[in-house]
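Below you'll find a set of structures to go through.
Paired with chain B in one complex and with chain C in the other, chain A is shared by the two complexes that follow.
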Partner chain A sequence: MSLADIWLFLQQGVLSGLVIGSVYALLAVAFVTVFKTTDVPNFAQGEIFMVGGYVALFMILMLNWSYWLVIPVTLVSVTLIGAVFQRVVMEKVVKSKGVAVQLVIATLGLAYVLKGVVRQTGLGDSPRSLPPMVAPDAVIIGDAFLTRLDVLIFVVSVSVMLLLFLMFRYTRTGKAMRAVGMNPRAAQIVGVNLVVIRAAVWGLAGLISAITALLIAPKILITPDIGHIAILAFAAAIVGGLSSIPGAVLGGFIIGVTENLVGLFISTNAIVVAPFLAIMIVLIIRPQGILGGKLQVKKV
Partner chain B sequence: MKLLRRLALATAMSGMFFAQSASVQAAEPGITDTTIKIGLFSPLSGAGMAYGFDVVNAAKMWYDKVNKEGGIHGRKIQLVIEDDRCNANDLVAAVKKLVEQDKVFLLNGGSCSAAVVGAREYIERAKVPYLMLNASGDGALYPPSRYIYGAFSISQYALGGSAVQFAADHLKAKKIGYINHDDAYGAWNLTAAKAQAEHIGGVTLDVQSINPNINDVTAPMLKIRAANPDVLVLTTYARPAALIIKKARELGWTKPIILTVTGTADLTQLVENVGGSDALQNFYIQDVLLGLPDDPRLAWVYDMYKEYYPELAARPGHPQSYMPYGLPSAMAIVQALKDAGPEPTREKVLAALENMTLDTKVMAAPVVFTPTDHAALKSAIYIKFDGKNKELIPGTYESVWRYNP
Partner chain C sequence: MTTTIDKVLLLACAAILCVLPFFVSGYVLFIVNLLMVYVVLALGLHIALGETGQFALAHIAFYGIGIYTAGIINSTWQVNVVISILAGALLAGAVGYILGALAIRMRDIYLALSTFAFGEAMQWVFLNWVSVTNGSDGYRLSPSHFFGYEFTSDVRAYPFVVVVTALILWLTVHLSRSQLGSAFRAVRESDVAAQAMGVNVNVTKRVAFMLSAAYAGLAGGLYTTFSSFIHPDSLGFQATVLILIMVVVGGIGSVRGAIAGAIIFGLISELLRQVLSFQEIIYGAILILFMMFAPKGLFGEARYAKIPIAKKTAGAAQDENNAVEHKA
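Coming up: the complex of A and B.
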């Protein structure tokens, strides 16, 4: 391998890694938001994302709607799926004094239901792509090639993450979500409606998943099994810190770039192992994740 | 007294006769005087449906044709159909149900190799003849099992070898970029590809192995481009193949790309998935039929499908690309049952299969079975596809790899 190749690989690996990493980061943020607020690891995260892609695909293929209509309807639909699931299923489990395992099983149930519904539509028979939102022209940065879609994915993802940061920091709803995450009983005492906030958090996770699906589906093709991408989001969340939203963002970028650099400089076989290698290293050096808070012992 | 003795003897003999008949019946489930019960299965729903739905329809119409022509030695074929959903758990469950509950005489099914391989152990234990539909099923074929036959639409081994032969012969490639999966199938087709390159001589492979669930194909495609091969061979499934072809175009790749039969289930969708026909300007697909779908030699297959499934044929996307692949295994079963004679047993059918040569007039080459090789097809044809038009490249390209115990 020549020096020119190494330099090209490095540039292309990092830039492409940041693009795909921004997708992992968004899904990781959705995962961490739900986990922080409700203490539930949402194992349907990938399937909620997958449904976002298929809702959009359905409207484009079956109803011939344009993106101007498809985007808002997809965002609203998937937000509602998240919120309604929390309100109807998860709250029932919580009220019946369900333990954490039951809540986790409920999310697994949601994953199966969503996959089954998509398969019933017939759209999941072969891998499909959403039509590109932008022209497939190349954008050359240094020696590396990206497409306009890549740039759009990165810019929109970073903007969404910024908006989320502002929402959590400066809005009443965002502060309420954080308060519920820190101490739900205390939040309730000061007037926060737990049921509403939990539904809002799941709705927000749905909204983020739908945005991610709309961005990435024209690039990576969707199948009913595309939810496996959420495993990389879980990896990102663990690397960044399960209790930290900025950590999830950082973890997403680390996983994306690591995958590419490992594929380019070690072996393409090793791409799939790279995220788990990153998890192992982080868990050994800093078990709470790169930006995770100090390890705490919960009083029970 | 004599009369009594004769009566007793006649009763005893008839008792022995019926007992013997009953024991033959018991030993040969699925056979009656008028019917032969065959268990047919494939993915009829789920993500793998495109691999099996119309393939089953093709097999069904062949069995129905045989029934209309009087059946086999006076017996009509009776089908019991199951959905294996393209996964091993469902397939093994379907096979067990067909053998133990429905008591079929033999099995014909499977479009997904991984799922099929999962049933090998059970089939050997149950000693039921099993002919795959269109699964390559290399893991169940090598080392050969007495009861299992397959690869009617080419084995994983053979598809890799054949693609290398085509690249070297037709495209004059000396250095071949080769992207396969990092699973058993990828390893199998790579084994034969390497054997073929060695057999041809002076041909090298630059291999990148990827996970079937890969999301970003930048790394493998960039490494292939840096290696600067003459041709790129893709033996991946449809989704990774589409991602790589799209990425190749983004990176300015203009050299030939050959996509093996593993990724060609839905070519219309492939064109959409790669962002249009611009990405397919120097693009070849492997096929295992004897010609293009509009080849007059294959017209009877598509006419037959229209006759049997007029409503389905009127729908877009039907018949699915793999539809004709359902015929050869059904033909081989019918031939073996005929060869087994008027009193067929599983052993007789297995003996008939062991030395079968059958020109199906559907596939690129005749079905050839030997006692040590139960893979039906080792050759493929190649088609230049620009996203709209298909042009058949003359000739068939055979894989030289053979199982060596």
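Coming up: the complex of A and C.
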């Protein structure tokens, strides 16, 4: 491999990595938001994302709706799935007993139900993609080739992350979510409605997942098992720090870029195992993740 | 009271298992064999999760280690099946001990995620270490023998599988009543309190991991006696979740629960194998409903449930302190 090749591979790897990494980053942000606020590691994150893709696919293939209608309906319906699940199921589980194991199992239950329902529709029998949203022209940056869709994915993802940042920082709802994450009892005392905020957080996670699904589903083939991609989002969240949203973003980009570089320089076979090694290494060396910092002691 | 019921149930099960081979077909015996393997797997997870409270998600990885170890020894040296099964259990136990030594630095979600990552990485190894496991083509298990008695069919393997499962059950119950069992439960209820009572928490957790992994390895060895084929696809997270469901819906911390869960969910899994979508919806619905309305599962230990629900204050604070501890 000549020096010029390496330079080309490096550019291509980093740019493609940033594109796919932004998808991981979004899913990781959804995961971390829920984890921070409700203490639930959502093992159904990937399936919620998958349902987003299939809701859109259903409307486009079966109902022949245009994207202008499909996008809002998808966003709203997946948001509702998240919010309703939290309100109806998770609140009840917490009330009944609510230890980490039970909460995780409940989310695994959701993952199964969503997968089963999608399989039942028959849409998932063969891998499909959403029709392209933008013309498939190539965009050349440096020596690297991207498609317009790639650029769209990156730009929209980063915008969504910025909006989330602004929301968490400046809006009342965002502040309430952060407060619940820091200390639910204190938040309740100052007038935050815990039930509403928790449902809103799950809804937000659903919304982010739906956006992610709409962005990536035209680029990749989706199947009912595509939720597996969330493993990379878990990896991103762990690498960045489970309790840090900027960490999740950073982790997503790191995982995306690493994956592409490993694929280009080592072997595509090694891509699959790289994130798990990353998870284990990070957990052993720095369990709190890169931006996890020291956890603050919550005084009750 | 419950012990009498247990004895009656146990005798009834033993009687059914004794007469079963005279009445049913080979396929039914295959299912029963498989259920026995699930029972051993569930009992293994019961030790880590139920007794010691360690939320580990790598159980199937050890099962896979057991299957491949026993299978490879069987086909290479044609030794007695006891040796190959023990070798699988020992190797799985050793790997479990190492994973435990690394993982006990973490708690709850971190432990779950790191063991989950280990499980996925092991599946990748099974899939890609082609020279040993034959990779994605699957591995053909050759028939093993027990002092010259060849396990050529489900029927011939059946008595062996049942006896070994019974031994494992006996071992589990005795383990639970031993000092080690008390140490396990002390660690489950509170690390700090256990430490204060003189329990070496780290060693106890490592031993729990090791035993749990060894059980899974042994279950893998049992699988090789009656099955002729293994594919890495069946050794993924789905399978780990199946075992987790058995233990949790059966009732965390209860041997009865683990067995009942293994039988019920093993049957559901086998009967609905052809209709994946129904299987998934039914699993999901059972999990959600149980967690909502009966989080203790079918046979949850009353003791375990007595932890006040209002512990969100004291318990949560303590959990966070522990989390801080390991982060510091």
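What we mean here is this: the second predicted complex is superposed on the first by the 290 of 300 C-alpha atoms of A that agree within 3 Å, B and C clash if a C-alpha of one lies under 4 Å from a C-alpha of the other, contacts with A are read in each partner's own complex, and residues count from 1 in each chain.
Just so we're on the same page, contacts are C-beta pairs under 8 Å (C-beta built on N, C-alpha and C of every residue); 3 or more make two chains touch, one makes a residue touch a chain.
All figures in this text were calculated on a predicted structure; none of them were measured in a lab.
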{"item": "Simultaneous placement of chain C and chain B on chain A, clash or fit", "value": "clash"}
{"item": "First, second, both or neither for A:Leu242, with chain B first and chain C second", "value": "second"}
{"item": "First, second, both or neither for A:Ala100, with chain B first and chain C second", "value": "second"}
{"item": "Which superposed partner A:Arg119 touches (first chain B, second chain C, both, neither)", "value": "both"}
{"item": "First, second, both or neither for A:Phe9, with chain B first and chain C second", "value": "first"}
{"item": "Touched partner set for A:Val158, first chain B, second chain C, both or neither", "value": "neither"}
{"item": "First, second, both or neither for A:Ala111, with chain B first and chain C second", "value": "second"}
{"item": "More chain A residues in contact [chain B versus chain C]", "value": "C"}
{"item": "Touching partner for A:Pro287 - first (chain B), second (chain C), both, neither", "value": "second"}
{"item": "Chain B versus chain C as contact partner of A:Ile279, first or second or both or neither", "value": "second"}
{"item": "Partner chain in contact with A:Asn269 - chain B first, chain C second, else both or neither", "value": "both"}
{"item": "Set of chain A residues, in rising order, touched by both chain B and chain C", "value": "119, 269, 272"}
{"item": "Chain B-touching residues of chain A, taken from the complex the two chains share", "value": "1, 5, 8-9, 12-13, 16-17, 19-20, 119, 124-129, 132, 136, 138, 145, 147, 220-221, 223-225, 228-229, 232, 256, 259-260, 262-264, 267-269, 271-272"}
{"item": "For the chain B and chain A complex, residues of the former touching the latter", "value": "45-47, 49-50, 182, 208-211, 213-216, 218-220, 222-223, 226, 238-239, 242-243, 250-252, 265-266, 269, 272-273, 275"}
{"item": "Chain A - residues contacting chain C, complex", "value": "35, 41, 89, 92-93, 95-106, 108-117, 119-120, 184-185, 231, 234-235, 238, 242, 269, 272-273, 275-277, 279-280, 283-284, 287-288, 292, 294-295, 297-300"}
{"item": "Touch list for chain C against partner chain A, complex", "value": "49, 55, 102, 105-106, 108-110, 112-114, 116-118, 120-121, 124, 128, 241, 244-245, 248, 252, 276-288, 290-296, 305, 309, 312-313, 316-317, 320-321, 323-324, 326-328"}
